[in-house]
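Next come two complexes built around chain A: one with chain B, the other with chain C.
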Partner chain A sequence: MASRSRLTQTQAAWLMLAPFLATYALFLIYPFFRGIWISLHDWNLLAVAFNPDAKEFVGIRNYERVMWGKNITWSLFNAPVWQALGLIGLGLSVFLRRMNRLSRFNAIALAIVSALLVFLPGFHPGEGGRWYDRRFWPTVGNTLTFVAFAVPGVTISALLLAAALNRETRAMSILRTLFFISQVLSVTVVTLIWQIMFSPRQGLIANITETFGGTPINWLTDQQFAMAAIVIATVWWSLGIAMILFLAGLQDISQDIYEAAVLDNAKGVRAFWYITLPNLTRTISVVVILQIILHFQVFGQPHLMTQGGPNDATQVLVRYIYQTGFRDSELGRASAMAVFLFLIMGSFSIIQFVVGREKD
Partner chain B sequence: MKHMLLGAAMAAGVATTAPAQEITLGRFFGACEDAGTDTTTSSGEACIIQSIINAADAELDGISINTLPTDWGNYYDQIKAAYAGGTPPDVHVMHRHRVPEFAGLGAVAEISGELEAAGIDPSDWSPAALDAVSFNGGIYGVPMDFHANLWHVNMDLMAQAGLVEDGKPVLPSSPEELLAQAQQFKDATGQDYLAADFAQFPIGVRVVLALMWQQNANIFTEDGTATINTEAGQNAVTAITQLFDAGLANPQLNYADSQQAFLNGEAGILVNGTWVVDFYTAEAAKEEVGLDSYYVADFPTLFETGATWADSHMWAIPASIEGENRAAALKVLAFINDHNIDWARTGHMSVRTSVVESDAYQALPHRDEYTGTADIARDTPPSERYGAIQDVLNRELQAIWLTDKAVGDALADAELEVQDLLDR
Partner chain C sequence: MNRSSYWLVLGLSIPAFIWLVPTLWMVSLSFQPNEVLARTTSSTFFGLIPLPFTWDNYAALFSFGQTPWWFLNSVIVAVGMTLGVLFVSTTAGYVLARMEFPFKRTIMVMCLIGLMVPEQAVFIPLYTMFADFGWHNSYHALILPRMAVPIGVFLMMQFFRAIPKDIEEAARLDGVTWLRIFWYVMLPLARPAMMTLAILTFLYAWNDYLWPLVSAQQREYFTITLGLASIQSNFAQSEGLGRVMASGVIASLPVVILFLIFQRYVVQAMTVGGSKG
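Right, the complex of A and B next:
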C-alpha cells in the first residue's frame, strides 16, 4: 500500500499537471517554435493557406532584410548623444561599484545597458549604403520612446494617487473605485473617449485651451504631440492595476514607523520620501517591470487613434508586425520581427526574475 | 443505443438543413442597427447596404443571412486571416484593387459560367464595371459601384467670394488659378478654401495621384518601376502645398474634422468621395447645420488631362464553397445586383447600364452635377501590394505637409520604398 501510494504521487502529479501542460504546449510552446520556424521561410499568408508548398526556406534572410542593410558600418560618433550617455553610464557603473555605492547586480545591469547604448546606435549605412527595411529601427525607436514615457508616467501617477487615497474614509474608497474604473474599459472604448477628448473641434481639451485664448492643438495629427497623446491615454487607462498594487504595498507598511517618524518631526512629503518610498522599492520594481513588458506590446492605442501616423511618428513594433503579417501577407518577415520583440521582452522577464530572487 | 443516437443525429441534420441555408456575409461600410427591410428609404452607405441584406434575408426563400461584425480599418486583415484559416464568409464585399491579390491566389471564385443561372446579366454591366471584376479573362465578382473623389462645394461661401457663374461654382483649371481663387475666397470669406483629410486616411494621396494622372504620369509603370520622384510628382504635390503655405487650407484635419469643417461652413470645398453625397444632402437640409447650399462638382482638371481617383466595390464568393451553399451565395449576389439603384442613392455611380439610363437614377439629388466623373475615373496599375504602396505614399506625403520634410526628399524616399515593395 505504501509503495503504491508513493508511485501514484508522482503519477498523480503528472496526471494533475497534464491538462495544463497539454494546453501550455499546444497554445504556447508549439506556436512559439512554429513562429521561429515560419520566420526562417518566405511565407505568404494567403499563398501558403491555399498551397502548403508555396513557402521557401530562406534561413536568416528575413532577419537580415528586417534588421540589416547594405554597407552598414559602425562608428562611435553616429549618435553622439546616446553613445556619450552610454559611455557616462559605463564610467558610472565602474566608479559607483568601486565606491561601493552600487550592488554588484545593479552595477552589472547598468554596465550592460550602457554598453548597449554605446554599441547599438553606432550602426549606420555607410557610403552608398541603406537599411533594407527603412522603417524597422525607427519603429523600434518609437516603441522604446513610448515605453520610456508610459512606464514612468503610469508608475509615478499611480504611486502618488495610491499615497493620496490610502485612507479609510468613504470618499477615498469611492475615489479609488473611480480611478480604477478606466482599467476595466476595453482599448476601443478608451481610444474612442480620448479621440473625442483630443479632437481640435469638439474636444474637451480644445475647449479648455480656447477659453484661455489659446489655439487648440491637433494632438493626433501633429508629429510633436501624437506620441504624447497616446502616452496620456495609456497612462489614464492603465493606472488602475498599478494603483492597486501600490495600495497593497502601502498597507504592508507598519503604522508604527510613521508614528515614530512623527515624533522626529517627519510628516507629509518627508515621511513619504524617507519611509514610504524605501518600503515600497520591491513593489515599485515589480510594477515597473510589469509595465515595461506590457507596454512593449502596445498596439491598440496607436492603431485606433493615429493609425501609426503622422509620418510613422507613432508606428510601434506590434502594429508593424501586424501590418507586415496581415496587410502585406508576409508572415515570415512578421515572425522575424516577433522573435525580436520576444527577445526584448524575454530579457526584461529575466531581469524581473533575478530582481525577485535577489530581494528574497 | 448507438443506432438511436445516429438516427437522432441524422434527423437533427435533416431538420436543420431543410428550412434555411445560412449564408455568412462579410462587409465594411460600418454598422447600422435598425436598417429594416425597406431598401428604398434607407440612407447612408451602412444603412442602405444593411437594408438590402435584410431584404435578401427576408425575401429569398430558404436563405438566411448572417452579417459578420467587421470594422473598416481591419477589414482586409480579417478577411485574409479568415481565408488563411479556411473559414471565409460565404459572400463578402471587396474593392476592385484587391482582385489581383485575391483572384491571383485562387481565393475568390471565378463565376462567369454561373452568373446567368443565378439571374445576373453581365451584359447589363458597363464595360468599365466588367473590367473591374475581371482578372486573366475570368469574372471574379459582381460589381456594385464606381466611387471616386469629388469636390463637394459650399455654394453660399463660393458666391460670397464671387466664384459662382450661372449657378455653378467657378473651379480652377491650373495650379496658379487654384492659388488665386483660394486667396480670393479667403479674402472674401475669411474661411479656408479647401479641406480634406490630409492627415490620416489617404484622401490626400488620392488628390496627389489624380494630379499626377492629369499630367499623364503615374506612380509606377505596368512593368514595375516606381516613378514618383519626377517633375509630375513635384508639380502635383506643390499644387497642394502652396495652399497650406499660404494658409488657405489646413493639412492637420483628419477625416471627421475636415468633414465637420465643411458642414460647419468653415471651408468652401471638401475633397471626399461619392459615398457622402446623400449624407451631405441631408445635412444641408437641416436648419442647424452651417452648410446650406450644397453642390457636387467633378474633380477639376488642373493640368492637361481630366482624372480623379476611383475604385469599385464588388461582391465575391470564396472559391472553396460548393453545392447548395454556393447556389445560395450566388442568389445573394443576384439580389444585391438587382438593388443597384438603391445603392446608387448613396451617391455612388451605378455599374448597370439599365440603371444609369433610368429616370429614377438621373433624378437622384445632385446626380447631374457630377456626370463627368465616370469619364475621368482612374486608379494605379494593378498590384498585389496596393495597400502597402498607398501606405508609403500616405506617410511620405504626411511628412511633407505635417512635418515640413522637403518635397524632393519625401518623393525620393517614397520612390525607394515603393520600388522595394514592387521588387519583393
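Right, the complex of A and C next:
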C-alpha cells in the first residue's frame, strides 16, 4: 500500500470539486458576466451570428434606451396612490420600530421598499418628452400586478389549507395529495388545461355559467379579465409548495400551546389567529419572499395563454426580454433588461437569505 | 375519527374536488372523440365523464405525430440531467462538508452568490455561447446548462455534515484513500438525500420550458413540455382537442406517477429546496 502514490487531501479535494467548478464557471459565472458585457453592446442576434464583429460598444446606452426617455422629470404627485402608499409605509416603518413591533431588519426592508414606492413612480415624461421604450415600464408594472395578486392568493389559500390539513390521519394525507398534485404538472400542461377551461365557446367555466343562465366571459381576450385568468391558473398551479412549507412550519409549533389555549377557550378560528399566526411569522415571510422571486419570473403562463395580450395587458418582464432578444434580435437591449431583472431578484434573494438566517 | 374531524374532512372534500376538476377534465376530454368535442365539450356532466368513450386519441398519438419522440427526448434529457446533477453535487457536497483545503471559504461564498442568479438572467448569454460552440439542437445543449446547481451542492453538503465522522476516520486510519471513502462509505449512506435531489432534478428537467424553447429549434429535439406548447396554440384547428389533451395526459403521467410513488421525497425536496433555495 505504501508504495502506491496517494493524493493529498488538497489534491483529492480539488479533483472532486473539479466537475462542479467546471460546470459552474462555464454555465453560470461566465454567462452572467457575458450577459453584462452583451448589455453594453449594440448586438443584433442575426448580424453577429453571421459576422462576430458586427457588434458595437455603446456603454450604458441600452439601459438608457430601455429605462429612460426624453425630458423625464420627477414629481411627487405623478402616481398619487402608489406614492401615498409609500409615504404611509415609510411612516409605519418608523412608527412600528419606535414601538418595538418590528425587528430592525424588517423595519429597514419596509423603509427601503416604501422609499422606492415614493421615488420610482414619480418619474414621468415632462413637456414634449417621452419614454424611449414605451413598453418597458408598463411591462414591469404588469409583472408587479401579477406578483401583487398571485403572491397573496397563493399564500393565504395555502396557509388556510395547511392549518386545516395539519392532522395525521389517512383522509387528511389523501386530501393533501389532491391539493398538491397540480404542482408537479409542467407549465405547458397547466396552460393547456386553463386555456380550454377559460375558453368562452368550449370552456368548462363557460359551460357552467351558461347552464345557470349567465353570459360567458371572454377571459383570455378581455383586457379586464386576462390577468385575473392568469393569476387563477397560477394559484391553482403553485399552491402545493407553499402548503408544504406551511405544514412543515406548523409541525414546529408545540401542541402544548394549543392544549393550554383550549383552557382559555381559544379554539378554531381564535386559536388560528392568536397562536398559529404569531408562531408562523418566519415561515410566512419565507413563503412570501420565495413566491415573489418565483412569480416575478413568470413567463410560460402569459406566453402560452394570452401571448402577452390583449393589448399588452399581460405582457411581463421575462416575456419582453425573450421577445426583444429572439423576435426582434436585439440582444443588447434584452440583456440590459435581464440585468435589471437580476438586480431585483438578487435583492429579494438577499432578503430571503437574511430572513432565513434570522432564527439561527 | 371524532365528529368534528369527520365534518372537516367532508368540508375539505369539496374544495379538493374543485381543485381536481381541471385535471379530471383534461383526462376526460382525452377519452372523447374529436368529432364530438368539435361540437360540444360538455356531453356528459359538463364533460367530466368521458362518454362517448374512445381510445382513438391515444392510438393516434402513438401511430403518427411526434409525441412519442418528444416523450423519449424528455426521458433522455431528464435522466441525463439527473445523473449529471447527482454526480456534480455529491462530489462537491462531500468535499465542502468534510475536507479542508485552501480557498474553501471562497468557494462556499461563490456558491451562495450563485444561488441568487436566476436562469432568466443568463439565458441570453448562454444562448450566444452555445451558438458559438454550434451546440444548439442537441441533447447536451438541453442538459449541460442545468448541471451547475448550487442548491444541489448545498443539499448534499448539509446531508454529509450530519453523518457521524467515526466511520470515515476509522477508514482513514486504515489508509483508505479519500476517493474510496467517498465511493464505498459515504455514497451508500447518502442514498436518501440523493433520492431527494434526483426527484427534484427530474421534475425540474421534465417541466423546464424557457431554455428548451430557446435552444431547441428543430422539432426533433423538442422535449414533451416544449412539443406540447407548440401544438396547443392551434389545438382547435389542426390536431383535434381530444388528441392535444391526450398529449397533455401523456406529458404529465411520468411526473404524476413519480410523485405518487415517492411522495415523501418530493415533499422533503420541496421543503428543503423551498426554504433554502
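Methods note: the second predicted complex is superposed on the first by the 344 of 360 C-alpha atoms of A that agree within 3 Å, B and C clash if a C-alpha of one lies under 4 Å from a C-alpha of the other, contacts with A are read in each partner's own complex, and residues count from 1 in each chain.
The criterion applied here is as follows: a contact is a pair of C-beta atoms (placed from the backbone, for glycine too) under 8 Å apart; a residue touches a chain by one contact, two chains touch by 3 or more.
Every value quoted in this text rests on a predicted model; they were computed, and no experiment measured them.
Novice: Tell me which touches more residues of chain A here: chain C or chain B.
Specialist: When the residues of chain A touched by each partner are counted, C comes out ahead.
Novice: With both complexes superposed on chain A, which partner does A:310 reach: first (chain B), second (chain C), both or neither?
Specialist: Only chain B; A:310 stays clear of chain C.
Novice: With the two structures laid over each other on chain A, which partner does A:166 touch: chain B (first), chain C (second), both, or neither?
Specialist: In the superposition, A:166 touches no partner, neither chain B nor chain C.
Novice: Please work out whether A:47 is in contact with chain B alone, chain C alone, both, or neither, and reply first, second, both or neither.
Specialist: first
Novice: Can A:134 be said to touch chain B (first), chain C (second), both, or neither?
Specialist: Once the two structures are laid over each other on A, A:134 reaches chain B alone.
Novice: What is the contact status of A:220 with respect to chain B (first) and chain C (second): first, second, both, or neither?
Specialist: First partner only.
Novice: Which partner does A:28 reach: the first (chain B), the second (chain C), both, or neither?
Specialist: A:28 sits against chain C, while chain B stays out of touch.
Novice: Who does A:194 touch here: chain B (first), chain C (second), both, or neither?
Specialist: A:194 sits against chain C, while chain B stays out of touch.
Novice: Output check: A:326 vs chain B and chain C. Expected answer is one of first, second, both, neither. What do you get?
Specialist: both
Novice: Going by the contact definition given at the top, which residues of chain A touch chain B in one complex and chain C in the other?
Specialist: Residues 45, 48-49, 202, 304, 322, 326 of chain A touch both chain B and chain C.
Novice: Help me check something: in the complex, which residues belonging to chain C touch chain A?
Specialist: 1, 5, 8-9, 12-13, 15-16, 19-23, 25-26, 29, 37, 41-42, 46-47, 84, 87-89, 91-92, 94-96, 99-102, 104, 107, 110-112, 114-118, 120-129, 131, 144-145, 147-148, 150, 153, 175, 177-179, 182, 203, 206-207, 209-210, 213-214, 225-226, 228-229, 232-233, 235-236, 241, 244-245, 248, 251-252, 255-256, 258-260, 263, 266-267, 270-271, 274-276
Novice: Under the touch definition given earlier, write down the residues of chain A that touch chain B in their complex.
Specialist: Interface residues on chain A, with respect to chain B: 45-50, 130, 132, 134, 199-202, 218, 220-223, 303-304, 306-307, 309-312, 322-323, 326-330.
Novice: Please output the residues of chain B touching chain A within their complex, sorted ascending.
Specialist: Spelled out, the residues of chain B in touch with chain A are 73, 76-77, 80-81, 83-86, 101-102, 105-107, 199-201, 252-254, 256-257, 260-261, 385, 387-388, 391, 394-396, 398-399, 402-403, 405, 413, 416-417, 420, 424.
Novice: In their shared complex, at which residues does chain A touch chain C?
Specialist: Counting only chain A, the residues touching chain C are 1, 6-7, 9-10, 12-17, 19-21, 23-24, 26-32, 34-35, 37-38, 45, 48-49, 161, 164-165, 167, 169, 171-172, 175, 177-189, 191-197, 202-204, 207-208, 211, 236, 240-241, 244-245, 248, 286-287, 290, 293, 297, 299-300, 304, 318, 321-322, 325-326, 331, 334-335, 338-339, 341-342, 345-346, 349-350, 353, 356.
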